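Two complexes come next, and they have one chain in common, chain A, joined by chain B in the first and chain C in the second.
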Partner chain A sequence: MKARRDPVRPIIGLATMLALVGFWLVGSKVGLIDPQSFPSPDQFWAAAKQLTIGDGYADGRIHSHVLQSLKLICLGFFTATAVGVPLGLWMGWSRKAEALINPIFLLIRPIPALAWIPLAIVWLGLGDAAKVMILWFAAFVPSVINSFTGVRNIERPIIEASAMLGARGWNLIKDVIVPGALPSIFTGLRLSLQGCLTALVAAELLGALLGMGKVLYQAGLDIYPAMILAGMVPVALVGFALTALIDWVERRSMPWRANH
Partner chain B sequence: MANIVLNSVSRTFQREGKDFLALDNVSFTCHEHEFVAVVGPSGCGKTTCMRMAAGLEFPDSGSVTVGGKVVNAPGPDRAVVFQQFALFPWKTVHDNILFGLRSMGVAKAEAAERIATNLKLMNLEGYESAYPHQLSGGMQQRVAIARAYVLNPDVLLMDEPFGALDAQTRTVMQEELLRVGRANPRTVMFITHAVDEAVYLADRVVVMTRRPGAIKEIIDIKPIRDAENWQQYERIEDVMDLASFVHLRTRIWRLLREQHNPGDH
Partner chain C sequence: MGEKLDRNQLIWLSAMGLLIFFGLWTLAAWVELAPRKFLPLPWEVVERGLGLVTKPFSGQTLQGHLGASIERYLRGFVLAALIGVPLGLLMGWYRLLDHIVTPLFDSLRFIAPIAWVPFAALWFGTGIGGPTMIIFAGAFPPCLINAYRGARFVEKKYIEAAQVYGASGPRVVYEVLLPASLPSIIAGLRIGAGAGWQSLIGAELIAANTGIGLMMVRGQGALDTSIVMVGMIAVGVFGLIVDVALRGVESWVNRKQGR
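So, the complex of A and B:
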């Protein structure tokens, strides 16, 4: 995309961020922002220090919280998409598979991932397994839907050409269906990741020993706004980093779109 | 035997909730090793006829057979050059051309040789590793042609295969198609809008009418070509100057003109 190399846009973006931070710094100094509801920069730095290089907070320092959360995200994301993507592709390709699976899927699809929380607790207790189950559902639905539509949106002439050229079985999947659906599959993976992050924070409210959501939860209980703010930063950074990772894999796996 | 027979083929499509007859009782044959061109106004059903021979479309009534067998599925025994190229955007030029060879189980060394020959023939050397979107329309069309030629098929179905080419390249391709056809005869159904091209290439020309799509007339070219010995001329422009050529071309033009009434689109 041309726009990506457009030098003006990042500058505008940076300017907006600086303006916001500037408003925060100045606004807190002159009393425009009430430190009771939104922490001042000093309070924020103190909380950030405590979380990163100090005694830690909510039973751990930042790295143990992030690692714990990353572990849950990875488990949920990979097990869900490892099932969801092939299932979506299969349903997209085979009307029979669609007829077979779609009814079940239609039941699951409208249920928000968080609605699985009570059942997850009943089945799996309060440990990691229950949280992974919730993340699993959050990631599963978008990966199925988008892989499915990805196959359905492959242009018909392409499918016909592959049939004329005798593509069958594994070669058909590998050379036509997967690459044809890939842009949509990646859209699904991005949404799955987003779903995981959302569900993670909520799932860690179940009483976690560690985790980024635990930090936020504890800070809320303690009415500690600076720590809430400091605890949101790693959530944003982890989300940003994982999305960037998916973007990178996407570019690498679709060289034919490299200079689009 | 690799002949193509359309026997009393009719086909109705639905459009805006209404039935409309796209092909009405169409019968024609491409005999073994015969080159048949199909001409007719846009929308008269040429592509539909070809798709039936390919096994991508089926008649409501009548039958379509290739080599005596009713066509019921697509397959690499018939090579198709699609009107819209239908290249795989995610495959390089080389891999697009390789695709059919691999599913036919052609050995690596032979595949490489055939691909090289066709890249050369289509003047695509040096573009092996380009992706389709990096090529011009004319180059994409040549890749599509190479992808069909490389299969060495008994039956070749070509839907306006030279439509996107510039005049010079088109001429080279036409001469080449004729030359390859003489050396290695096969059954060809060739759809085109260009009457010149049809007369120059074909043994017979099927002229179709629109609304509903039907056969207007089938014109024999081969007897005249043989009698006048067009083969002695290397170049298409020399053939196109011959009185016998001009006569046939005019005849087909008239058939096409007769059915054109303005305002009917």
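So, the complex of A and C:
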């Protein structure tokens, strides 16, 4: 959300957060917050310590869970967008390719990524392969759609002018089509990455040996609210970090746009 | 960019695409690339789907499961819209509210909605309440963000004109910001509807006692691939219907507002 420029803003924001934390501290002490449903700060602290520097939880400490999840996200994201972006560009460029592929794509598109989970488990089991398949579909659909619209939204005169100036083949693709479609491609990549994170957490909640979702799954099973809360923190941080990363790549790859 | 295709060419190529897809599927199943129970033939899936209409699986027929999912979905989505849209509009007008809510919202929005499942199950159970909360978590952010953005980008002159005529804060929100940001709000509702539906399926896969997601998980447990595929088709079709309906509303609003 675009922030308003206002000097009191950070002060009020900070005050709100402090008030909430204060409510949490006091509420847990006097029994306003039931520790069976929401952990007290002490319990949360203990769970966080156990997860980070203690014995770990759900068969690993935090770094092994996060690394496992990140590895799968990378695998799914890159294999899907490596196919999805060129496919979308090609469908945008060639009406024939669009006519041929679009009907198949329209069959896949309405199926949410999470609905692939049971099929992936039946086919590939609970290991990494099934997760990559789920993430693949989560990232594939947005990357195709947005690359496709990116090409279609390039103004025709630009393409005609560059064709007239002698750009064709690979040059036309590299210097006109891809840069022209790039803002839209990035919209797609952003959605793909978000989709990957959601799909991965869901897939790990349904069965995994390691991973951020596994922590949540185990904590839910053990009815251990402090660990549920502690397990949500890495999910939020990874979500934040991935968004920041793609923002950064986007700015670097499109220096001609001052701020999008 | 290629020239527009004529009608015949378009139909011919589209039919070929579908033929290739279903042809490969049938071929793969027919030569038993994988055992039949893992890779059923297309018409076996259709048959299974029709069978589920009369013969219950996991305690419900297909329409029974779908009905349970839709009921939860409507509850969660309507709740998200009823809270998200007014809150977004008010935040667009009242700065203090914006300053208070935005940091909270920003610190929560990076959590994938599905990560709330364990708490949702703990707080509201696995019947109606838990999954409803997950739908809410999925649908709420787009509803709020779009209403807020819509309200913030209303042209100043409309607001000033209303104020000159003596409109108070609530009246400005209701009579100026709401209509002016309607296209943005509807777009938010459409995004939220999609996110909510996807979240619902996730919640039902993990923790629910009825619903289309549960049916799919049970099918998975029984290694009955056709049931899983029937579930995927049902989920896809319902999601598509909602999306098309909201797209219709969207273009109707845009037309009415002359955009």
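Of note:
The rule is short, and it goes like this: the second predicted complex is superposed on the first by the 226 of 260 C-alpha atoms of A that agree within 3 Å, B and C clash if a C-alpha of one lies under 4 Å from a C-alpha of the other, contacts with A are read in each partner's own complex, and residues count from 1 in each chain.
Rule of thumb we're sticking to: a contact is a pair of C-beta atoms (placed from the backbone, for glycine too) under 8 Å apart; a residue touches a chain by one contact, two chains touch by 3 or more.
What you are looking at is a predicted structure, and each value in this text was computed from that prediction instead of being measured.
Judged by the touch definition given at the top, the superposed model places A:72 against neither chain B nor chain C. By the touch criterion defined above, A:167 reaches chain B but does not reach chain C.
Of the two partner chains, chain C is the only one that A:116 touches; chain B does not reach it. Of the two partner chains, chain C is the only one that A:107 touches; chain B does not reach it.
By the touch criterion stated above, A:175 is placed in contact with chain B alone, chain C being left untouched. More residues of chain A are touched by C (comparison of chain B with chain C). In the superposition on chain A, A:158 contacts chain B only, with no contact to chain C. Applying the stated contact rule after C-alpha superposition, one finds that A:254 touches chain B and leaves chain C untouched.
Overlap of the chain B and chain C contact sets on chain A: empty, with no shared residue. Interface of chain C with chain A (complex): residues 1-5, 9-10, 13-14, 16-18, 20-21, 34, 38, 95-96, 98-100, 102-108, 110-119, 121-123, 145, 148-149, 152, 194, 197-199, 201-202, 205-207, 216-217, 219-220, 223, 225, 228-229, 231-232, 235-237, 239-240, 243.
Residues 155, 157-158, 160-168, 171, 175-176, 179-180, 182, 254-256, 259-260 of chain A are the ones touching chain B in the complex. Partner chain A is touched in their complex by these residues of chain B: 54, 56, 73-76, 78-80, 82, 84, 86-91, 99-100, 102-104, 131-134, 147, 151. Those residues of chain A that touch chain C in the complex are listed here as 1-4, 6, 8-9, 12-14, 16-17, 20, 37, 92-96, 99-104, 107, 110-119, 121-123, 151-152, 156, 159, 194, 197-198, 201-202, 205-206, 212-213, 216-217, 219-220, 223, 225, 228-229, 231-232, 235-237, 239-240, 243.
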